[in-house]
Structure formats: C-alpha cells, structure tokens
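Next come the structures, one after another.
Two complexes are shown next, each including subunit A; its partner changes from subunit B in the first to subunit C in the second.
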Partner chain A sequence: MARITLNGRPIETADGALMIDVAKEAGIHIPHYCYHPALGNPGNCRMCLVEVQGAPKLQPACRLKAVDGMVVRTDSPAVQAAQAGALELHLVNHPLDCPVCDQSGECGLQDYYMTIGRYKSGVAEDKRHMAKRKPIGPHVMLDQERCLWCTRCTRFLANVVKTAELGIFGRGHGQVVDLAPGKVLDNPYSGNVVDICPVGALTDRDFRYKVRAWYLESVDSVCPGCSRGCGVQVHTSTKRPWHNEGRRVARLKPRYNPEVNGHWICDEGRYSYKTLDQDRLGKVLRLRPAPAGLSAVGTELSWDAAWKEIAGRAGELMADKGAGGLAVIASGALSNEDWRSFKKLFVDSWKVVQFLFAPEPDQVGPEDSLLRRKEKVPNLKGGEALGFGTEFRSMSWDALARSIEAGRIWGLYVVDRDVAGVWGPAAAGLLGRLDFVVFQGPFKGGTGDLAHYRLPSTAYVEEEGSFTNFEGRLQRYAKALAPLGAALPDWEIFEGILARHRAGKGEAL
Partner chain B sequence: MITVRTVERPPRDLAVQVFLLEVVKGLGVTYRHFFVNLWRHLLGLAGGRPAGSPPAAAWGGSPRGRASRPPSGRALAARGAVTVQYPEEPAVLGRRARTRHRLLKRPDGAPRCTSCLLCETVCPARCIRITAEDSPDPGIEKRARTFEIDMGLCVFCGHCVEACPVDAIRMDTGDMELPALHRREMIWDMKALMEDS
Partner chain C sequence: MIITRHFDEPKLHELETYRKLGGYEGLSKALAMKPAEITEEVRKSNLRGLGGAGFPAAAKWGTVPPADKVPGPRYVVGNCDESEPGCFRDRVHVERAPHQVLEGLLIAAYAIGAKDAFIFIRGEYGRPHRALQTAVKEARAARLIGDDILGRGFSCDVMLMRGGGTYISGLDTALLESMEGKKSWPRQPPPFPTNYGLMGFPTLVHNVATLAMLPHIAARGGEWFAKIGTPKSGGTMIYSVSGHVEKPGVYEFPMGTPLRAIIEAAGGVAGGRGLKAVIPGGTSTPPLSADDLDLPMDFDSVRGKGSFLGAGGIIVLDETADMVEVVRLIIEFLSHESCGQCTPCREGSVWTERILERMLEGAGRPGDPANLERVAGNVTGRTICALGDTVGIVLKAYLKKFPEEFAALAGRNESVMRQEATANG
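Our next item is the complex of A and B:
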C-alpha cells in the first residue's frame, strides 16, 4: 500500500503501481502516446512527464512507480511546458494534413495540441517528406510522415501477434516506420494496429475516406463472428446516407473487455460488418419455388397472415404425416432469447425431433491461441444450456439429405443457414421434394429462393439480446440500427407462429 | 464581453392606448418621407442632378458580375429613395454579398477541394453532400468524388467559405437567381459549381 499525493489529493494505491494508471483511476488524464496498458511502457514519447517532489527532473509517469509518501503534480507550469515542448518536437516533421487525414477527430496529436500545445512552431526548417500512402497490407495504409515513432504498432506485432511485420528503421532525423524486408502486414489481427496508432500514420484501408470520425455513432455490442464473443463497438453512420457508400455500419472497433478479448479483435470479426446491408431480406413472402436457375415468384404477406399460414400448414402436415418428418436447421447464430423461443415452438409445442445445428461444415474456420475460435457462430453454448447438443442431438447434413431422399422428411424449417451452400446444386432437388420449407434469416443466400415461405429476421446489430460464449460467459449486445423492412428478431417470429399454432388448436395463449 | 442592459418599457398612457395619436404620428412619418423624396426628385429634375435612382449598372453593380462599390448613404439620401424595379432592373449587390457558391480549381483544372468535409460539417442547412476518393495525383492525398450543394436548402450563411481550409469554395459569383422547375434541379453538382472558376 502506497499513500501518495497526486495534484494535492491524497490517494491510496498499490505499491509499485504505474503513476499513469494511478492517475487514470483517479480521473486525471496524463497525455501519452507510447504507453499502452497491454503493450508496455517504453517511455519514448515524453508526453507523460510529471513533477515529483524531491526529484531533480520531471519523471515519465508511465515508468514511475508509486512509492509511499510520493508527492506528484501533473498540472504544474513545468509539466505543461515540458508537454508543450515534447509536442512541438513531435510536430517538427508532422505534415499537419488533418483535413485529409482519416484519424482527424480521434487523433492524439489533434487533441493534445488543442489542450496543451497551442504554440506557434519555432521550427523554420522544411518538413521531411516520406511515403504518404503506402499500402502495407490488405487492411492497413501507412503514412510515414504522420508517424511519431511511439512503437505501439511494432510492439503489438512483435509481442502480441508475434509476427513482427513492422519495424522502426534509421535513427534521429532519418527514422521511419516501415515493413520489415520481404514482409507484408497480413496477419489475422492486422487491423488492431490502426486502433492503437495514436495518430493517422496507420489508417484502415477499408474505412478510408468513407466517413469522418465525428459523424459516427457508437453502440456497444458483441462480435458474432465466433464463439469467443469479443466486445465490439458498432460505429454507424445513418444520418447522411451518401457517406460510407450507403452502408449503415461504418466499422467495428474492439471494446476493451479484460475477461474476453482484452483490447483486440481479429480482422475476420472486424471486417464482418461489410456484408450486413447486402443481400438482405425485407419482405415476408409466400414463394412459389422456381425451377433451378430462375428466381422465385412471391406474394407479400403480413406477419400475421404468414404466421397463421405457417402454423396452419405445419399443423395439417403434422396431423397427417407425424411430427417426426419435420426437420429444423438452426445454428449457434441464435441469441439466448431466440433459443428459448425456438425450444418453446419446436420442442415443446411441435415435438420436433430432428434438429441440425452443429457448426460443421459451413460455420467452422481457422482458430488460433489468441482470440479466434473454430466455431464461427457466437452462441452454441446458449443452445447447449437449453439442451441443444446434450438432450437434443444435431444430425449431420448427410444424414438429413439421406432422410429426405428416402422420403422420411416432409418439411424443413431453416433458420439463417445456407442450405444451398452446403448441399450445392443438389439443394434445389432435395428441397423440391418437400411439402413444406420455411426459410428464416437476415440474408437471402442461396436458400431463400427455394423455400415456400421466406421470413426476414434481423441482423445482430438490429436487435438486442445476449450471447453465451464458449467459456459460458453471458454477454449482452445492444441495438444499433433499426431493422430493415419488415424484419423481426428470430424469437419474435417463433413466438408469432407459436401463438397462431396454439390459437388454431384452441389452446390459451 | 456580453453585458445585460435593462430597457424600461415606455409607459402605456392614455394617448398610446387610444392609438389615435400614434396613427397620426405614423402618418406623419410616411408623409415626411413622401414629401422629402418628392422634393428631392423635383430638385433633381430642375437642377440636372440625376433624379431618383439610376439603374444599378450606373453604380457599377450588376446582377451577374461582381458588384462594385454601391453609393454611400449620403449620396443615396440626396438622390431621393426609389424602389428598384427588380427583376426588370437588375438587383444591386454589395461587394461582400454572399451569392451562389463556386468551387475553385487547381492550376491543372482539378478541383481544389480536398474533401475534408469541414463545410459539410459546419453547414447548418445540411445542403452540402460530399463523397471522397483517392486522388490519382501522387502529390495529392484525397479529393472530392462528388460535391453537391442543394440550393433549395442553402441559407447562404457563408459558413462553408469560412470553414474551408484550402479556399476551395467561395460565394462570390453574384448569381442569386437560382430558380428551377424541379427540386432536383436545385442541386448543383461539382461540374456546375466549377463552371465560373
């Protein structure tokens, strides 16, 4: 335990805690570029200097350990002069091209210049010119002129991803950040260097020039890309549709969650937003499935009518041929709320016994020891909690195809799963043999045209709910956008059918 | 420094409340203007001085071109006030009048705009719509792909001109006659906005 005095305030903290963290906890922001809680404290940016009573010189707060009796000031004239001086040196070669820089609006240089700089530069010499827009990988653009050599990116790549694509070369006036010889910044976590870069030296090629940072709105969410469930912020741009090429989600940023993902997310999850507005379903349709190669012809229905028809038709067929002939294809993309209503409808009410929800083969992908998990769906655990995976087993795609061929299946209810993607060209033939096919999902995919009923559901950014990640951690995600068209959350669709089904059987709701 | 000055309400005595006296006073002002102007116009006719207001062109102002200095207040007063018969006579614009925007060009004819979106951000009427792209010129980072101003929404406040860090937009065309038969035609694109530059 160390009792220190910070800006005149007595503070108790752990012995040896870093002063920059202590101050942050006490609500005092100490300017810094190079320090990052997950990447260490090289102390090279000299922005975090503080005054310690009894010390002959100012000390960098990111390397200063709290000791009992320490008296520290972060706001004395000497500190402010030192910070302004450090900032002036940082800006000696900085191009100050804020108007065209993507970092503008969320830039450490801009912020600190406005709060502590505000000087007229005493540097009369010309600025050094270096590579201005150098693509260094599929996702990242490098501007060497804007760099402050804080080394956050090189430390991240060397210590966290352990691929070390970037390095600082040369010294003094000739110092540049650049790719190591023969390397390309192409690893599954490359997008994180954009987040940690305190200036506009590393920008996102994907986000480049799409929206200015100040137009974005942010909502806390959970990445549905795999069963890790990383915390993300969904940054949306909806008020000016001409920005961002009309897409509503502009980018995903990692949301710090020490229990799950720390400060990082993988590129797979980061760039998953791009397809959110593509190929979407917006209408409730009764379809006449078309012969192969043609798109289906549909009649638009109200939700009420569709629910009634589906409940009625499924009820007839179940009475006629038995519930054993109905198979339900779902996935771990359902939220906990969806799984609950899913079970109420299919297990408790319709007594369905044939389920397919295992992620293989279309919902698995590469995994690694940092964040990425093999199952590319967020909520298999949530289904497991309700018995899907323990009490109810998932059948395989092959077994399902064989059952359909053998005529043991008369109906299929597909929840957000691309059947045509798994079965390929055979899907049309297999689904064509069935009396009753419902497709429910946010995206049309190849299956949307093959169903008798096509129901639009919301994407995860358009609903609120919760996922349970592979460790069993329950995480809530918030609604960032309004649903497209008539789309409803999956659980609401299940409940709608369930209510009509019960009403049809004369049961109380 | 903003200070508050409390102005006392004039007392509403009987004379004010019956209005009659106030009506007479008001008529007095109207008649004074009428006779003063009549006198000046008559003087002008008799003395050879320009009677009434000459067309705006004589002041060097023109509706399309940039307006030159308008006559000073005293000269105008001595002439006697008249109504400009707009639109038969061209309107008179001050030298700093904010009129329809134009986008300036670089020496090679490319738009000067770097698509920083500061004008779009500052615009209170939200009439500016810009999208950006990479410039093919390696010395230029970013440029506007599209730049539209909806003249039907613009309030001609001039904030965009103030905000522009590269002097790419000005409101000095002298053009303030922007009617169109359709709302869509009120939207000026980059090509149209660069025509006067």
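Our next item is the complex of A and C:
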C-alpha cells in the first residue's frame, strides 16, 4: 500500500503501481502515445512527464512507480509546458494532412493539440517526406509520414500475435515503420494495429474514406463470430446512407473486456459486418418451391397470417403423421432469449425429438490460443443450458439426410442455417420430398428458395439479447439498428407460432 | 604518463615486447590478491571512468550484486565504440597497446567474478579490431586468456564484438542491446547494467582507457595512482587533441593539469592565431572560453565551468571559427546519430539542425535564436538517454556564449521575410 498525493489529493494505491494508471483511476488523464496497458511502457513518446517532489527532472508517469509518500503533480505549469513541448516535437515533421486523413476526429495528435497544445506553430522548415499509402496487408494501409514511432504496432505484433511483421528500420529522423523483408501483415489479428495506432499512420483499408469518424454512432455489442464472444462496439452510419456504400454498419471496434477479449478482436470477427446488409430477407412469404436454379414464387403474408398457417399446417401433419417426423435445424447463433422460446415451441408444445444444432461442418473454423474458438457461433452454451446438446442430442447431417430419404421425415424447420451450403446440390432434392419446410433467418442463402414458408429474422445488430460464451459468461448486446423490412427477432417468431398453435388447439378442443 | 608511456615503442602491440616492458605483471599481482583487495586498491586510487561520465570506478564495482544475492554469470565489457567527434585516443591505444587493454579487462573480470569478458569495438575500427584480434590470439596461446590463467586457477574468456557503426552504441545500455543482436536503442535505467546487463546478468561496462589503468594500479598500488591526480580524480587523463593546434594527437596528463599546458604540448594554437574557444571533452561538451586556459583539467573543475571533461576530446577553435557553423556541425552529427527512439531527441535535433542550416544560408529570422533556445529547453532533461540531453545542453551553451554570432545571422531576415511575403502574395 502506498499513500501518495496526486495534484494535492491524497490517494491510496498499490505499492509500485504505475502513476499513469493510478491517475487514470483517479480520473486524471495523463497524455501519452507509447504506453498501452497491454503493450508496456517503453517511455519513448515523453508525453506523460509529471512533476515528482524532490526529483530533479520531470518523470515519465508511465514508468513512475508509486512509493509511499510520493507527491506528484500532473497540472503544474512546468508539466503543462513539458507536455505541450513534447506534442510540438511530435508535430514538427507531421504532415498535418488532417483534411484527407481517415484518423481525423479520433486522432491522438488532434485531441492533444486541443487539450494541451493550442500553441502557435514555430515551424518554418520543410517537412520530411515518406511513403504515403502503402498497402501492407489485406486490411491495413500504412502512411509512414504520419507515424510517431510509438512502437505500439511493432510491440503488438512481436509480443501479442508473435508474428512481428512490422519493424522500425533505419535510424533517427530517417527511420520508417515498414514490413519486415518478405512479410505481409496478414495474421488473423492484423486489424488491431489500426486501433492501437494513435494517429493515421495505420488505417483500415475497408473503412478508409467511407465515413468520417464524427458521423458514426456507437453501440456496445458482442461479436457473434465465435463462441469467445468478444466485446465489440458497432459503429453505424445511418443518417448519411450515401457515405458507406449504403451499408449501415461502418465498422466493428474491439470493446475492452478484461474477462473475455482484453483489448483485441480477430479479423474474422472485425470484418464480419461487411455482409450484414447483403442477401437479407425482409418479407414474410409463402413459397411455391422452385425447380433448381430458379427463384421461388411467393405470396407475401402478414406475420399473423403466416403464424396461423404454419401453426395450422404443422398441427395437421403432426396429428396425421406424428411429431417424430418433424426435424428442426438450429444453431448456436440463437440468443438466450431465442433458445427459451425455441424450447417452448418445439420441445414443450410440439414435442419435436429430431434436432440438429451441432456446429459441424459449416459452423466450425480455425482456432488459436489468443482469442479465436473453433465453434463459429456465439451461443452453443446458451442452448446447452436448456438441454440442447445434453438432454436433447443433435443428429448428424448424414443421419438427417438418410431419414429424409427413407421417408421417416415429413417436415423440416430450419432456423438461420444454410442447408444448401452443407448438402450442396442434393439439398433441393431432399427438401423437395418433404410436406412442410419452414426457413427462418436474416439471410436468404441457398435455402431460402427451397422452403414453403420463408420468415425474415433480425441480425444481431437489430435486436437486443444475450449470449453465453464458451466459458459460461453471459453477455448482453444492445440494438444498434432498426430491423430490415418485417424482420423480427427469432424468439418473437417462435412465440407468434406458439400463440396461434395454442389458440388453434383451444378452438379445436 | 601511465598508459601512453611506451606508445612510441614500435612493437608494443606484440606480446613479447609488452611483457618485456612489464606487461601482465599487474595481472599477475592482481591474481595473487583477493578480488575484494583489488576493489579496495581501486577505491584508494580514486580512478574515475574515462568514458565520459567520470563515475568513480570502485563505486560502480560496488553496485555489482554479490553472487549469493543475484546468482548466475557476470560480464565485463570494454567499451571501444569511440564515435564522438574529436575523440580518437582509444583507437590509438588499442592499435599500439592492445595487451594493456586486455590485461585491464582480465583484472576487472577477476575482481567481479566474471568468466566472460568482451571488447565492443566501433564498426568502422578495422585496424584496432585486427590489433586486438592478434593480441587475443597471442594471449590465448600464452595462457593469459582461457582456463587457469597464469596457473592461478582463474579462468576467463575474451570475445571481441564489432558495433554496427553508430555513435549511440557507445552508450552502455545501447551497447548491450547491440551485443544481444538487437537494434541499439538505449534501455531506460533503472535497472543499471551492473544489476541488469548483458542478457539480464550483472555487467560491468568500462571505457578501454579506464580498464588500461587497472594493471598499473594493481602493480603499483592505489595510493601511488591517487597521488598522481587531484584529491577526487586519481591518475591521469588521456586526451585526443585536435582542431586549430600545431600538433594534434594523443596526450596523457595528470588529472588537474591546466588546459594551457595541454594546448602548449600540442604546439599551441595553429599559425599563432588567437584562441576563441576550447571544446574540452568531445563535441557533446559545451565550449570553454579563451580565458579559461588556466582551468585545471579534471572532472569536477571542468564541471564547475559548466562543461564536462567527457572523454578528453579537446578541440581547439581559433578566432576564425564560426561558432554557429560549429554548433550546426555538432547538431547535425547528433541528429544523424540519434537512435530515433524518443521524440524530443529525434525531432528536436533535426529541427534545430534545419533552423541552423537556414540561418547559415542567409535566411535567418528574428525569432530564430529564441526559438532554438526554447526547443533546446524542450529536449534537455526530457529524453531517454544522454544523447538527447546533449542536443539541448550544447545548443544552449553556444547560444549563451556566442549570442552576437547568432544575432548576426538572425538579423538578415527581415528582408527575406518580406521577399517571401511578396512571392507568396
């Protein structure tokens, strides 16, 4: 325990805690570029100099360890002058091309100039020139002129991902950040360097020139890309649809969560938003399944009509052929709320016994020791908590196909899963044998034309809910956008059918 | 004269000659003593580090943690990176008397219990490197390096390493990074190398001239050595004297010898011209004035004049020297050699270099001297290592000592500014 005095305020903190963290905890922001809580404190930017009573020189707060009795000022004239001086030196050779810089609006140089700078420039010399737009990987663009040499990117790549694609080459004012010979910045976490770069030296090739940062709105969410469930912020651009090629989500950014993802997310998750507005379903349709290769012919229904028809038709068939002939395909893409209504409808009411929700083969992918998990859906655990995977076992795709071929299955309810993606061209034939096929999901995929009923559901950014990650951690996500068309959350669709089913039974009885 | 005494002996670099003249007797004596006894002699000798900082050698040895506290190997590194403009004595030294350096290195290794010792040689120093290579071979053959040295049970190997040819590699922590195969970006102490050095183990880094004093201290005692110098700086200082003198070269004088005597030994100011300033310790040390000639040359006295004895690189500047050009050359060097790691040094050096360049090209502005002063202030004391400090300290010193010369260049500007305004309008 160390009792220190910070800007005149007595503060108790752990012995040896870094002053920059102690101050942050106390609500005092000390300017810095190179320090990053997950990447260490090289102390090279010299922006965080503070005054320590008794010390002959100002000390970098990112390397200053709290000791009992220490008296520190972060707001004295000497400190302010030093910090402004360090900022000025960062800007001497900076190109100041803010008007055409993608970082504008969220740049460390701009921000500090407005808070601690506001000096009149003393620079009358020409600036140094270096490479302005160098693609260094599939996702990242490098502008060497804007770099501050804070070494955050090189430290992240060397110490976190351990791939070390970037280095600082040359010496002194002639040095450049660049790719190491023969390397390309294409590791599965490359996008993070854009987030940690405090300036516009590393920008996102996908986001570049799409939307100005200040036009974005941000909502806290959870990445549905795998069962880790990394914290993300969904940055949307809805007021200026001409800005982002019409896409409503402009980017995903990691949201710090020490328990789940720390400061990072993987590229797969980060760029998953790109397809969010593509191939979307918005209409409730009764379909006449099409011959292979053609679009189904559909009749638009109201939700109420669709629910009534589906409840009625399923009820008839179950009475006629038994519930054992109805199979339901779902996945860990369902939220906890969805799973609850899913169980009410299919297990408690319809007594379905044939389920398929195992992620193989279409919902599995690469995993590693940093973040990525093999199961590419966010909420298998939420289903497990209700018995899906324990009490109710998942059948295999092969077994299901055999059952259909053997005529043991008369109906299929598919929730947000592309059957055609798994079965390939055989899917149309298999589904064509069935009396009753419902397809429900946000995306049409290859299955959307093979059903008798097609129900549009919301993407995760259009609903609120919660996922339970592979470690059993329950995480809420908020709604960032309005649903497209008539889309409803999956749980609401299940509840709608359930209500009509009960009403129907009541009438019948 | 202690270490340069036999420099004119033509074959001093050969082991046979070196031994004939008393070489390796100091090592022999040292190995007969306990390590603690040698440290005690060094303490009595008042030997100070000759690489620049003048830190008392024994005090530095004292910070090497005892083996029971920090187990594992210890290392000694002889620093022969010598890259500061005006400094060339280490080159002459290792070319002429490489065995003297090796002998000192082995004594230091014995004193702190190191079994591996290194000499780090400036990248561009080809001849000195070859001289040391030959000397190491000879010494190894004569069982002066390796196992059971002189049959006294002490074993120590010596390895030579060459730098990448950067000034910053001479700074101890950057030197260690370079030895580890990394870019020589200085570490930020604490911890200091004697605690956390090469590969993280306690490492003693000394300038090769400091090491070369050890055989003589071991042979003749610390008190003898102390008596040669001043009460706080024992023994002698080795100078590289250059600039406007008749006989530039390497000179050795007892600590405390007046500057005048050193310049006179070097033949006085060239061409009998008047003296303007003297850089006492290499270009990173502020200049002394012409009327400082009676200053006793030792670490503390030079410090009293606002400068440093540094590594003894005396540069004599006569009345014809343009001091703005002199400081521009120094800043150009520092900006070229800044490792680039920390912002104030990297940017402050190149910015001030450009301002000075512009002034000398005749495009000075009225605010230039004040701006230089201000930027120097934003660099001094704000950087990771002393190279950055040097930028600020040296600039400020020249601005303060020769304000008229800066003002003269800043004065030409008004018209230039007007011209610019017209051109832009």
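Heads up, the rule we're going with is that the second predicted complex is superposed on the first by the 506 of 509 C-alpha atoms of A that agree within 3 Å, B and C clash if a C-alpha of one lies under 4 Å from a C-alpha of the other, contacts with A are read in each partner's own complex, and residues count from 1 in each chain.
Heads up, the rule we're going with is that contacts are C-beta pairs under 8 Å (C-beta built on N, C-alpha and C of every residue); 3 or more make two chains touch, one makes a residue touch a chain.
It should be emphasised that the depicted structure is a prediction, and the values quoted were computed from it without experimental measurement.
With subunit A superposed, do subunit B and subunit C clash or fit?
Superposition result for subunit B and subunit C: fit.
Return, as a multiple of 10 degrees, the angle whose vertex is the Cα centre of subunit A and whose sides reach the Cα centres of subunit B and subunit C.
In the superposed arrangement it comes to 90 degrees.
Contacts for A:133 in the overlay, against subunit B (first) and subunit C (second): which applies, first, second, both or neither?
A:133: touches subunit B, not subunit C.
Output check: A:8 vs subunit B and subunit C. Expected answer is one of first, second, both, neither. What do you get?
A:8 contacts neither subunit B nor subunit C.
Of the two partners subunit B and subunit C, which one touches more residues belonging to subunit A?
C
Let me test your reading of the model: by the given contact rule, A:240 touches which partner, first (subunit B), second (subunit C), both or neither?
A:240: touches subunit B, not subunit C.
When the two structures are overlaid on chain A, which partner does A:27 contact: first (subunit B), second (subunit C), both, or neither?
neither
Compute the least Cα distance separating subunit B from subunit C in the superposition and give it as a whole number of Å.
Between subunit B and subunit C, the shortest C-alpha distance works out to 16 Å.
Going by the contact definition given at the top, which residues of subunit A touch subunit B in one complex and subunit C in the other?
Common to the two interfaces on subunit A: nothing.
Mind pulling up the subunit A residues that touch subunit C in the complex?
42-46, 49, 57-58, 63, 82, 85-86, 88-90, 92-93, 122-126, 128, 148-149, 168, 170-175
Which residues, counting only subunit A, touch subunit B once they are in their complex?
Where subunit A meets subunit B, its residues are 97-100, 104, 132-133, 208-209, 212, 214-215, 240, 242-243.
Give the list of subunit C residues in touch with subunit A in this complex.
166, 183, 188, 335-344, 346-351, 354-355, 358, 365, 367, 371, 374-375, 377-379, 381-384
Provide the residue numbers of subunit B that touch subunit A in the complex, in ascending order.
Touch residues, subunit B against subunit A: 114-118, 120-121, 129, 131-134, 138, 141-142, 146, 165-166.
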